[in-house]
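There are structures below to look over.
Heads up, the next two complexes both have chain A, just with different partners, chain B and then chain C.
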Partner chain A sequence: MLIFGVVIYPAIELVRASTGEYSITGLRRGSNGVENYANVLSHPALGTVLVNTLIWVVAVVAITILLSLGLAQFLSKDFWGRRAVRWAVLVPWAASLVITSRLFTLIFDYYHGILNVLLTKLHIISEPVDWLGDDTWTMPSMILVGVLVSIPFTAYVLLAGLNAIPGEVHEAARIDGAGPWQAWRRVTLPLLRPALLVSAVLNMIYVFNSFPIIWTLNDRNPGYTHDTTITFMYKLAFKSADRDVGMSAAAGVFNVLLILVAVVLYLRLVKWREEDA
Partner chain B sequence: MSTVIARPQAGGWRRARRFVLPVAGLLVAIVFLAPYVVMLLDSLRPGSEALQSPPSFLPHHWTLGAYGDILGDSRFQNWLKTSLLVAFASTAIVILVAIPAAYFTARFKFPGRTAFLFLVLVTQMFAPTSLVVGIYREFFELSMVNTYGALILTNSAFNLAFAVWIMHGFFAALPKELEEAAELDGNGRVGTMMRVMLPLTLPGVVTATIFTFIAVWNEYVVALTLMQDDDKKPLTVGINSYVTGYEQNWDQLFAASIVAIVPVVILFAVIEKHLVGGLTAGSVK
Partner chain C sequence: MGAIGKARWFARLAGVTALALGLAACGGGTGADDADNSGGGDSAKEIKVVIAEYSKDHTATFWNAFKKTYEDKTGVKLNLQIISWNDIDQQASTMVQNGNPPDILNLNAYASYAKDGLLYSSDDVLTDSVKSDLIPAFVKSGTYQSKMYGFPDLSSARALFYNKDLFAQAKIASPPKTWDEFVADAKKVQALGGGKIGYAQPLGPEEAQAEYSIWMFNNGGDWKTDGKWTINSAKNVETLQFLKDLSTKDKVTQNNPGKTNRTDGAFPLFTSGKAGMIVGFGPLQGDLDTKYKNVKYGIAPMPTKDGSAPQTYGVTDYLMAFKKKGNQDAIKKFYELYYAKDQVNTWIKSEGFLPVTQSGLQEFSSEASLKVYLDTLPNIHLTPTDDPAWDKIKLAVQQNLGTAVSPSGNPQSVLDDLQKTAEAGG
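Right, the complex of A and B next:
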């Protein structure tokens, strides 16, 4: 019931809105048929937005999973101060995304940002970089933040997966003469599959729908140069010259369909079965 | 047998790892904490210093002024109150509804169960951003805009699916015989669940609880739209007003952010052990 009220009903509203025509102030003027969909599909920025979304989702999810695999492996080892390290890894998760994003606008800032000072002092760069103003660096900067905030959840899911693998399995592999790398690839990785699956699917959904990072770090760009489908949709309704609730809703419907297709494709790719869930 | 696997470098590595691992751990911790150390330092300097050029790592003037400002600010107190209220209430609702739901889907093979579980996943795909217009209308018609109830209901619904998904695995992993035995001992269905099943699935319940709590604590878009009354906003929305086009109190923004992280970190610290055991225990069969 609750899910119906808060997810299904607004979803129906969304579809209804996507076929309506709205005035600048958001009043419904009447039905618009499929014109909103056509408008979205013919929007000049659509290509850029789709490419951005693809880069954003694939880069953040892939980098997050790779780094989290290593991190989980590391955190599963027993060493002095491990609890403290586990704690530290959790902090980006505990902090609100909105605040983390704002914090990073300050860290990345050309004039006031600490990142440029740090990198210059370490002689990694010879002169300050305009991380959020220079188009080549905007997306990588956003991805960096996206990865940072996605790792805690992912690493913890994988860590839990690792902990669930009985120790004897590793021993058996070693006795059979497998080197560490081989043992990891042939034994650990397949057993981690359910954990990898859960974290990959949830990450895909969350990263796809991630709003604050792109919205905040991309604040200065009036156009759609670095927008993903989710901020594109928001801008259509509230910020752009278009100011069109109907078009935004249509974009929202596309967005859900896109995620659905992406997740189904992914599940197909890894041959999901119900037992895995 | 064990001599077979001893490799020549193993002894050296064993000695080295005592130092290498903690040092590597320290580096990892630094990477993850660095941005938030910047935040902490910025909360300890006067607001104007955050925008100095060139920037400095350490404050020129150390001050706890920002903390005094926000803790004495009645707006901040209201935001904190809202956040605590909404987070605890939503989490309680989610857990109370999700436990029986997860139990049901795990125990009874009703037709379309796989479809149901997939549908649950699909509800996670709707971005709050795209639903927020519909949600706003719905609560507007119910004249519930600006009420805590609206925010609590929305947050509960958004997180219910995920909680069911997580707990489903835990219930499914419990042997059926256990339940039957408990019933033979004269426990009713509810009694069986409360006294036998629940304690055994505690890690699952804990995991779902922490996920829900964090998600609600950090929710932004819905709260931004539904709570327009300044003293009913939650922290995530409220504290942004410390830095706007007119006000530049970065020190207060960051001090408030540090305060907002504290409850979550404490919660983590208390249940960290259960969390690691619980995250996928249900999904690994």
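Right, the complex of A and C next:
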């Protein structure tokens, strides 16, 4: 029953919506077969959106995992105030994404944002940068926020992974004469593999579907220059001149397929490398 | 698959798929084939009223009081829902899609709903005295195929706001009357330095059509002429080129106007005293009078290209009523109460907007601060909200106009595209 309500019913509705012809008011006029899918595939912005999505997901996930590895390593050490630091790391995760994103629109603001003030004072930049308006900076700025909110979860998954590694293993490695770097690479990293895998896959899906960051940080920009598939879908349904629920639903079906393909590809890749090694 | 078993991976993947499907399906829902059959019974015991939030402070206050008066008077329960402007399009669309539209909806567009046959016309739900009291310009904009479906709830008119202190410092004697004077004055303000901006220009997606309309009308252009779309007329291209030149050639605007929204971008520049001029309206005036008292401002008619009589751009929003079995009487009573002088004018005053009725014009005429708008209200220029195609064109304008004023933007081709969209029926 639960599975039906949560999984199957929405899926059926999504597919049903994707084959319907809808008026701008949301009224269903009838069925129009695969036309919505064709319209999505022939949409002039589709290429831009797909490239953006790829950059967004790969950059956020890769940078997040790299930084989280370091952070988890640090948090697993015993030091004074560790508990406080662990709590502090959790905060960006606990805060609502919309609120965090909104906060960053203020931080990044060209005229009033503190980032420009700070960087100007430190003489890193001589003129303010339009972080959210300048096309070269928009995506990096969004990625920064994406990484920041993804780190807590990832760091904790990796921390749990680190804690699960028995101390004797490290001791044995040391006795065998391995340096710290060698021990980490040869012993810690392979044992962290399951945790890395879980955090990578979950992050991929989560970042892929992340709506609030892209939407909030990019809402002042016209067109589709910095949209990912998820904000593209929303604009198709409610903001663009297409304003078509059916087309948006079709894009939604593509979105699900795209995630599946990405995850399967990733798992394949990981498996292949494992067999290779 | 390393440490995690294959079966468990499939289970996990299935769970993940479900999650993704669930997320993606948020936009889905059931069809609304039977929109006008829902409801039921001979006379509705309750009606659902969806209102747009004009301001955090006043909207809920007025409508809660209205709800109480309405319920006491009619015995019909008024189910009130106030939704922010950011979400109301989406929510309204979802309600219709799910076959559960509200009885009354407050929105800035109605024609597509009328075209879909979802709405009552004024003949069904307005009394004669209300009909004759509405200002003709708004009756016209609310009329689709010779019947009125969009009932105006309030209106606003735009005018040029200027910072008196900055004008004095730049030695400008009076607000500009022509575009040439406007550019010259803006340059003088910009030349003051210290981050001062001649003109704050919002052409981002929030309300690009408004900023463009007011300049367009003051160059003798229009969206539609004699029933035909004229979006890419020579005058309109000239107007958009002028707006682009302000930032790219004359350099008298804030950074990146094509990506600046009004409320969170341009208005703060004016209320913080940085901008010399901006197109403003009643609520901005209200903010300046209460929250930003250190900004000394004046209000002037818009400058025109050649110095001819200034045109006023106006906006009205609508309270449309959805056809459902048994709700007609309750809706009629709703409008009777809403358009009563002590209701509609209280509401409009508290939100800082302008009246939509003749009796309202009279009541507001004593307020000196509104004179500049009220004089022009009967001859106000509106966007073609009576054409369902406009509902889509407006979205296209909001999403795309900003790209025309970037340094590499091309006003002609952006307007050509919009014209094509319009001719294709939106």
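Quick note on the criterion: the second predicted complex is superposed on the first by the 270 of 277 C-alpha atoms of A that agree within 3 Å, B and C clash if a C-alpha of one lies under 4 Å from a C-alpha of the other, contacts with A are read in each partner's own complex, and residues count from 1 in each chain.
Here is the rule we use: a contact is a pair of C-beta atoms (placed from the backbone, for glycine too) under 8 Å apart; a residue touches a chain by one contact, two chains touch by 3 or more.
None of these values were measured; they are calculated from a predicted model.
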First, second, both or neither for A:D219, with chain B first and chain C second: second
Partner chain(s) touched by A:I205 [first = chain B, second = chain C, both, neither]: both
Partner chain(s) touched by A:V85 [first = chain B, second = chain C, both, neither]: first
First (chain B), second (chain C), both or neither touched by A:P140: neither
Partner chain(s) touched by A:D130 [first = chain B, second = chain C, both, neither]: second
Of chain B and chain C, the chain that contacts the larger number of chain A residues: B
First (chain B), second (chain C), both or neither touched by A:F74: first
Common interface positions of chain A, toward chain B and toward chain C: 3, 6-7, 10-11, 13-14, 17, 111-112, 194, 197-198, 201, 205, 209, 233-234, 237, 245, 248-249, 252, 255-256, 259-260, 263, 274
Chain C partner contacts - residues on chain A that touch it in the complex: 3, 6-7, 10-11, 13-14, 16-17, 20, 22-28, 105, 110-112, 128, 130, 132-134, 193-194, 197-198, 201, 205, 209, 219-223, 233-235, 237-243, 245, 248-249, 252-253, 255-256, 259-260, 263, 267, 270-271, 274
Of all residues in chain C, those that touch chain A in their complex: 1-4, 9, 13, 16-25, 27-33, 35, 89-90, 92-97, 112-113, 115-116, 118, 195, 204-206, 208, 254-256, 258-261, 264-265, 268-269, 274, 388, 391-393, 395-396, 398-403, 421, 426
Of chain A, residues touching chain B in the complex: 2-3, 5-7, 9-14, 17, 71, 74, 77, 79-100, 102-104, 106-107, 111-114, 117, 148, 151-152, 156-157, 159-161, 163-165, 174-175, 177, 191, 194-195, 197-198, 201-202, 205, 208-209, 211-212, 230, 233-234, 237, 245, 248-249, 251-252, 255-256, 259-260, 263, 274-277
Residues on chain B engaged by chain A in the complex (per definition of touch): 1, 4-5, 17-18, 21-22, 24-26, 28-29, 32-33, 35-36, 38-39, 42, 50-55, 57, 93, 97, 113-114, 117, 121-135, 137-138, 153-154, 156-158, 160-161, 165, 168-169, 214, 217-218, 220-221, 235-236, 239-240, 243, 250, 253-254, 257, 260-261, 264-265, 268-269, 272, 275-281, 283-285
